[in-house]
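Each structure below is given as C-alpha cells.
Each of the next two complexes has chain A plus one more chain, namely chain B in the first and chain C in the second.
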Partner chain A sequence: MLEAAIDAAQRLFSPGPLLVMLIMLPISLISGMMPGGNLPVAVIVLGFAGYLDPWITVTAVVFFLAASDITEPVPSILMGIPGARSAQATILDGYPMAQRGEAGIALGASYMCTLVGGVIGAIALLVALPISRELLRLFGSAEFFLLSLLGLLCVAIVSSGAFVKGMLTAGFGLAIAMIGFSPITGVVRADFGIEYLWDGVPLVPIVVGLFALPEAIDLVVANTPIARERLDVMLREANRDVYRGMREALNHKWLLVRSSLIGTFVGMMPGVGSSGAHWIAYAQARHTEKGGVESFGKGDIRGVIAADSANNSVDGGTLIPTVVFGIPGSGGMAILLAILVISGVQPGPAMLTQHLDLTVSLVYIVALANIIVVPIMLFAARFITRIAAVPPNLLAPIVIGVVTLAAYQATYSIEDLVLVLAFAVLGVFMKRYGWPRPPILIAVVLAEIVEKYLWLSVNTYGLSMFLRPQFLGIIAVMLLVMIVSFRIQAGAKRAWAESSGTTPA
Partner chain B sequence: MQSQVNHDRASRTREARRKISLELFGELVLLAVVGGLFVYLFIQSLEWPLGSALMPWIAVGIGAPFWIYRVLVLLVRAREAPSQIMDIGFRTGGDPTGERARFLRIGLFILGLYVGIWLFGFHVALPLGVLLYVRVYGHLSWLASLSVGLIFLALLVGVYDRLLNATWHEPLVRQWFEALS
Partner chain C sequence: MERKFYHARLGLLCAFALVFTIAPPAWAQTSPDLAKLFESKPVTIIVGSAPGGGYDVFGRIVARFVGKYLPGNPSFVVQNIPGGGQLRGLRAAMKSTPDGLTLGILHPRFVQRELAGIDVPDFDLKSVRVLGSPSAITVSRIWCVRRSVATNWDELVKLGRPVTNGDTGPGASFGLGPQFVSLIGGPVKMVYGYGGTSEIMAAFDRGETDSIDRCTEEHVPRLFPKWIASKILAPIFWWEREPSKDWLGKLGVTKVPYIFDVVKAEREQRSAFELAVRFNTFSRTFVTPPGVPDNVYSAWKKAFEATTKDPGFLKAAAAAGLEVGLGTADDFNELVDSFGKLSPAGVKILKDLVGQSA
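Coming up: the complex of A and B.
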C-alpha cells in the first residue's frame, strides 16, 4: 500500500498530470457554476481517452469533476439555483443568508467545509480502500434499496410542519421520474403520446424551470437586489464576512466532521451517494443541532455547513464503487469508468492489486482539487458576493439567458425549452402557494436508483430480504430516525404554538 | 359616519373573500396538476408488466393519500398549523400594483425570449433579448448593453458551437424562407 502511495505521488506530480490540472482548473471553475454544466466537458475528455495515457485522462476528468463540484454552491447560495447533482440542500439556508446580506459568510463557511470535507473524505477513502471490498460485500441490493429510500425519507424530515405537502410533492416527483422508458422492462411509460418524453424528463430543465426562473422572477417582482439587508456592510466588509464564515465553520467542527463522514459513507454506496448524501447530512444536522428544527431553512449557517461538508466528502466515497465494482454512482463516474475501460484498465478487483497506484492517485487528485480550488474560491468570494448587490433588472435577464442555454444542453432539443416553461409555471405556483419544491428534486434524482434496487432485491431475495440482519438493521435505523424526527418536530410545533397563543391542528 | 364604517367593513370583507378565493384557486390548480398525473400514471400502469408498474404504484401510493388529505383540508377549510415548508416564497411588499406589473413584464420577457428562440434561433434571440432588456429596464448604456449581448454571442459561438459542437434547432423563420425559395 505504501509503495503504491509513493508511486502514485511520483506519477501524479510529473509534468503531464500537473499541466492537465492547470488546464482543467479554469474550465472547472466556470462550468461548476452552470446548472448541469459539467458533464459535456467530461464527455469531451472522454474523446481523448483512446489517444492519451490513462494517467492524463483520469487526472483530467477526476480533477475536473471534483473541482467543478466545489464551485456548485455559488449559484445555490447567491441565486437559489440548486446544482443538478450536488449543492441542492445548500439553497435551504444559503439563499436566505444571501437575502439577509450574509452571502460572504455563507460562501466562507461553504468553502471551509468543502476543504475540510474534501480532505476528510479523501483520508477516509484512503483508510477504507483496503477494507472497502469486504465492507461492501456485506450489503446487497436490498440494503442499497433501503439506503436510497433513506434519501427519500429525508423529504419527511426536512419538510417539518409541511409534512403533507412535502410527501405529496415527493410522490409527484416520483411520478414525474416514471415518465419515459422503464429501465426494468423497456416499456415506454406515461409519455402523453409525446416522443420527446420517451427518454424521460431530463433533470436540468426541471431544475431551471422549478428553481432558476421563479427566483429570477422573484428578483424582478421584489425590485431589490438579492441582498435586501445590510447591503452596504456586505460590500464594505466582504473580506471580513468571508473570514467570519470560515471561523463559523471551524466553530462547528463536530458537525463538520460528522457530516463529512456521512458524505463519505453514503458516497460509498453504489448509485446512492452523490445524490442523497447532502440531504441525509442536512436532515441529521437539523435534528441533532440545538434549535435546528426551528432555525434550519431560515438561513442557519449550520445548514450550509452540514450540506456542504457532505457535498464534497462524497466525491471520495463515490470513487470506491466505481473503481472497485465497476458500478458508477453518477454521470461523471460513468465517464470515468468509460475512460478506464477505453484506456485498457479494467475496473474491478484489479484496481486494488494491479492498478493500486492509479486508484490511490484518485484520492490524491480529489484532495488536490480541494486544496487548489478552495483558496482560489475563498479569494474570489469577496468579488462573487457582489452578485448579491447587482440590480435585479441587470441580473435577472443574464441569469435567464445562461440557464436557458444550460437547459437546452439536456437534449439539444427545442422541447427542452417547452419543458422549462411548464416547470417554471409549476415552480411559480408552488413558490406562491407555499408548496416545497426541493422534495420534487430529491424524488426525481433518487427515483431511478430506488426503482433499480427495488426490482433487484425483489428478484434476488423475495420476502427473504426481511430475514437479512443487515436489512433489518437499516430498517431499525430508519424507524429510529423517523420517530426521533417526529418527536422533535412535535415538540417544536407545540413550543411555537404556545408562544404564539394558537393551537396546532 | 356609520355608512362610511359599513362601507369600509364591506370592502375589507370583499378583499378577504377575494384573497381566499385566490388562495383556493392556486391550490386547486396545483392539486389538479398533481392529481391528474397520479390518475394518468395509475390508469396507464394497469397495462404494464409488473417490473414497470411496481414503482409507479409506489409513487402513486405515496402521493395519493396526502393528495386526498390536502383536498379534504381545502374542502372543510380546516385551520392549518403554522408550517415551515423548507422553501422560499415570493418576496412581496406593499406595492401590489407595481409587483403585478413587474411580474407581467418579466413573465412576458421569458415567454418572448423563448418564442424568439423558436422563431429566430438562439444566436439571434438570446443576445438580442438580453441586450434589449438590460438596455430598456436595466438602464445600462448602449455600449454596456451591446457588450452583454456580444458576451452571449461569444458564449454561443465559442463554447457551444466550437467546443461542444452543439446541434441547434432549425429556426422557424429560416424554414419558412427555405420553403418560399
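Coming up: the complex of A and C.
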C-alpha cells in the first residue's frame, strides 16, 4: 500500500496530470454553479479516453467531478436553486440566510464544511479500500431500500409546519417519478403517448421550473434584492462574514465530522449515495442538534453545515463501489467507469492489486480538488456574496436566461422548456400558498431507487429481509437517533422554558 | 481482306474511344465523390444509451479505427441520445439525412419486435441499410447455481422451489437460458431490475440470489476470482457455445450439459429459443437510414470488414474486454428470413423472451 501511495504521488504530481487539473479548474468552477449539472463536460473528457494516457483522462474527470461539486452550493445559497444531484438540502437554510443578508456567513460555513467533508471522504476512501469489498458485501438490496426510504422520509422533515401539504406534494413527486420506463419491467408507464416522456420527466427542468423561476419572479415582484436585511453590513463586512462562517463551522466540529461520515457511508451504497446522503445528514442534524426541530429550515447555519459536509464527503464514498465492483453510483461515476474500461483498466479486484496506484491516486485527486478549490472559493466568496445585493431587475433576467439554457441541455428538446414553464407556474402557486416544494424534489430523485430496491428485496429476501442483522442494525440506529432527538429537543424546550419563566408545552 | 481488317481496327478504335470517354467520368463519380463526401463533415455515430455503457464504449472504439478505411479518412463524433431503451437514438439515426454521414447502432430487440409484429416507430426492417456488426460472436453462456443449493439439474428439480436469478430485464443476452427455463415452468425465478453485470454478480456474491448467468471466463476471473478458488459455482447447463475444458476445470467439473440435454422443451419452444440466441449474437449492428446511395453504402460495408481485422481495433477492443467478430449484412438478412419459419406458438415464446408479451 505504501509503495502504491508513493507511485501514485509520483505519477500524479507530474506535468501531464498537473496540467490537466489546471485546465479543468476554471471549467469545474463554472460548471458546478450551473443548474444543469456537470455531466456534459465529463462526457467531453470521455471522448479523449483511449487516445490519452489513462492517468490524464482519469485525473481530468475525477478532479472535475470533485471540484464542480464544491461550487454547487453557490446557487443553492444565493438563489434558492438546488443542484440537480446534490446541494439540495442546502437551500433549506442557506437561502433564508442569504435573504437575511448572511450569504457570506453561509458561504464561509459551506466551504469550510466542503473542505473538511471532502478530506474526510478521501481519508475514509483510503482507509476503507483494503476492506471495501468485504464491507460492501454486508449490505444488500434490503439495506439499500431502507437507506433510500430514509432519504424519502426526509419529506417529513422538510415539511414541518405543513405536514399534510408536504405529504401531498411528495405524493405528487412520486407520481411524476412513475412516468416513463419502469426500471424493472421496461414497460412504459403513463407516457400519454408522448415519446419525450419515455425516459421519465427529466430532473433539471423540474428543478429550474419549481425553484429558480419562482424565486426570480418573486424578486421582481417584491422589487428587492435577495438580501432583504443587513444589506449594507453584508457588503461592508463581506470578508468578516466569510471568516465568521468558517469559524461557525469549526465550532460545530462534531456535527461536521458526523455529517461527513454519514455522507461517506451512504455514498458507498450503490445508487443511494449521491442522491440521499445530504438529506439523511440534514435530517439527523435537525433531530440531534439542540432546538433543531424549531430552527432548521429558517436559516440555521447548522443546516448548511450538515448538508454540505455530507454533500462533499459523498464523493469519496461513491468511488468505492465504482472502482471496486464496477457499479457506478452516479452519472459521473459511470463516465469514470467508461474511461477506465476504454483505457484497458478493468474495475474490480485488479484495482486493489495491479492498479492500486491508480486507485490511490483517486484519493489524492479528491483531496487535492478540495485543497485547491476551497481556498479559491473562500477568496471569491466576498465577491460572490454581492450577487445577493444585485437589483432584481438586473439579476432576474440573467438568472432566468441562464437556468433556462441549463434546462434545455437536459435532452435538447423544446419539451424541456415546456416543462420548465409548467413547473414554474406550479412553483409560483406553491410558493404563494405555502406548499413546500422540496418534497417533490426528494420524491422525484429517490422514487426510482426506492422502487428498484423494494422490488429486489421482496423478490430475493421476501419477509426474511426484516430479520437480517444489517437491516435491523440500521433500524436500531434510526431508533437511537429518534430517542436521542426526543431527549435533546425535550431538554432544549425545558431549558428555554426555564430561561423565560414559562411552563414548557 | 484489307478492307475487313481496316473495319476491324476502326471498330476497335471506336470501342477504345468510347471506353475512355465514358470511364473517366464514371470513375470520377465514385472515388473522388466519396472522398469529398467524407471530407465535408464529421461522421456522427448515434448511440442510444448514456455515455459509459457497453454500446457507447463499442461505438467509440469503432469510431477510432473505421475512418482510415473510408475515402477521405473522416473524423467521427459520437453522439449519445439515450432514452426509450435505445429507441430515441435509433429513431434519431433513422430520421437523419441519408447521405452516409450518420450511423446508428441497432439493438437486436428492435429487430425481434418488428418481426413479432410490434411496430417500432421510424424503423423499417425492410429498408434500413445494415452495415454489419463488429461484435457478432457466439460466446459461451453458462448458468451456474450456488453449490450449496444444488450441484446439477436433477438436484435442482428435486429442490422443490425455484432458484432466484438476477438480471437487468427480459431478453438480456446472458439471462436467456434461465429466463427460458422460467417461461416454460422450470425451477427458476427471474428477478429483474439490477443495473448491469457488476450489480448482478455483486448480488450473487453477497448471497442475495441463488444463481448467476454470468458464469463465464469473461466475467468471473475479472470481478470475482475467489469464486474459482472457493468452488462455489455449480454449472448446470450451457447454451450458444460450449465452454472450454480449461474453464470447466476451473469450475471444478469436466463436463456440463447443453441446455436441451437436461431441460425438456417442445420443438417449437426450442426453435424460438435458438432463434432468440442467434438474434442476440447479432448485437451492436451498425445501420444507416434508408436511402443512402449505393456507392456510399458499399464503401461503409468494406470499411467495416477491414476494421474488424485491424490490429489496433482488435487491441483496443481486447483492452476494453470486448470480443470481435464480423456479422455481415447478408448474415443479418439470413437471420431475419429464418424468423418466417417459426410457428405461432414459437413466435409467442420469442415475444416472451424479449419481454413483449405484456
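In this text, the second predicted complex is superposed on the first by the 473 of 505 C-alpha atoms of A that agree within 3 Å, B and C clash if a C-alpha of one lies under 4 Å from a C-alpha of the other, contacts with A are read in each partner's own complex, and residues count from 1 in each chain.
What we mean here is this: contacts are C-beta pairs under 8 Å (C-beta built on N, C-alpha and C of every residue); 3 or more make two chains touch, one makes a residue touch a chain.
Keep in mind it's a predicted model, so treat the numbers as computed, not measured.
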After superposition on the shared chain, which partner residues are touched by A:Val233: those of chain B (first), chain C (second), both, or neither? neither
In the overlaid three-chain picture, which partner chain does A:Tyr461 touch, first (chain B) or second (chain C), both, or neither? second
In the overlaid three-chain picture, which partner chain does A:Ser141 touch, first (chain B) or second (chain C), both, or neither? second
Touched partner set for A:Thr404, first chain B, second chain C, both or neither: first
Applying the touch criterion given at the start, work out whether A:Trp198 contacts chain B, chain C, both or neither, answering first, second, both or neither. second
With the two complexes superposed on chain A, say which partner A:Ala380 touches: chain B (first), chain C (second), both, or neither. neither
Is A:Met478 touching the first partner chain B, the second partner chain C, both, or neither of them? neither
Of the two partner chains, chain B (first) and chain C (second), which one does A:Val341 touch, if any: first, second, both, or neither? second
Which one hits more chain A residues, chain B or chain C? B
Mind working out whether A:Leu394 is in touch with chain B, chain C, both or neither, as first, second, both or neither? first
In chain A, both chain B and chain C touch residues 184-185, 187, 455
Complex contacts: residues of chain B adjacent to chain A: 23, 26-27, 29-30, 33-34, 37-38, 40-41, 44-45, 48-49, 51-52, 54-56, 58-64, 66-67, 69-70, 73, 78-93, 98-99, 102-103, 105-107, 109-111, 113-114, 117-118, 122, 126, 129-130, 133-134, 137-140, 148, 152, 155-156, 160, 163-164, 166-169
Chain B partner, complex, touching residues on chain A are 40, 44, 80, 92, 95-96, 99, 158-162, 164-172, 174-178, 182, 184-185, 187, 189-190, 192, 213, 216-218, 220-224, 228, 294, 297-298, 391, 393-394, 396-398, 400-401, 404-405, 408-409, 412-414, 417, 420-421, 424, 426, 429-438, 447, 450-451, 454-455, 458, 493, 496-497, 500, 502, 504-505
Under the stated contact criterion, what part of chain C meets chain A in this complex? 50-53, 56-57, 60-61, 64, 78, 80, 82-85, 87-88, 91, 121, 164, 166, 169-170, 189, 191-199, 202-203, 205-209, 222-225, 316, 319-321, 355, 358
Touching chain C in the complex: which residues of chain A? 39, 42-43, 46-47, 49-51, 136-141, 181, 183-188, 195, 198-199, 270-271, 325-328, 331, 334-335, 337-338, 341-344, 346-350, 411, 452, 455-456, 459-461
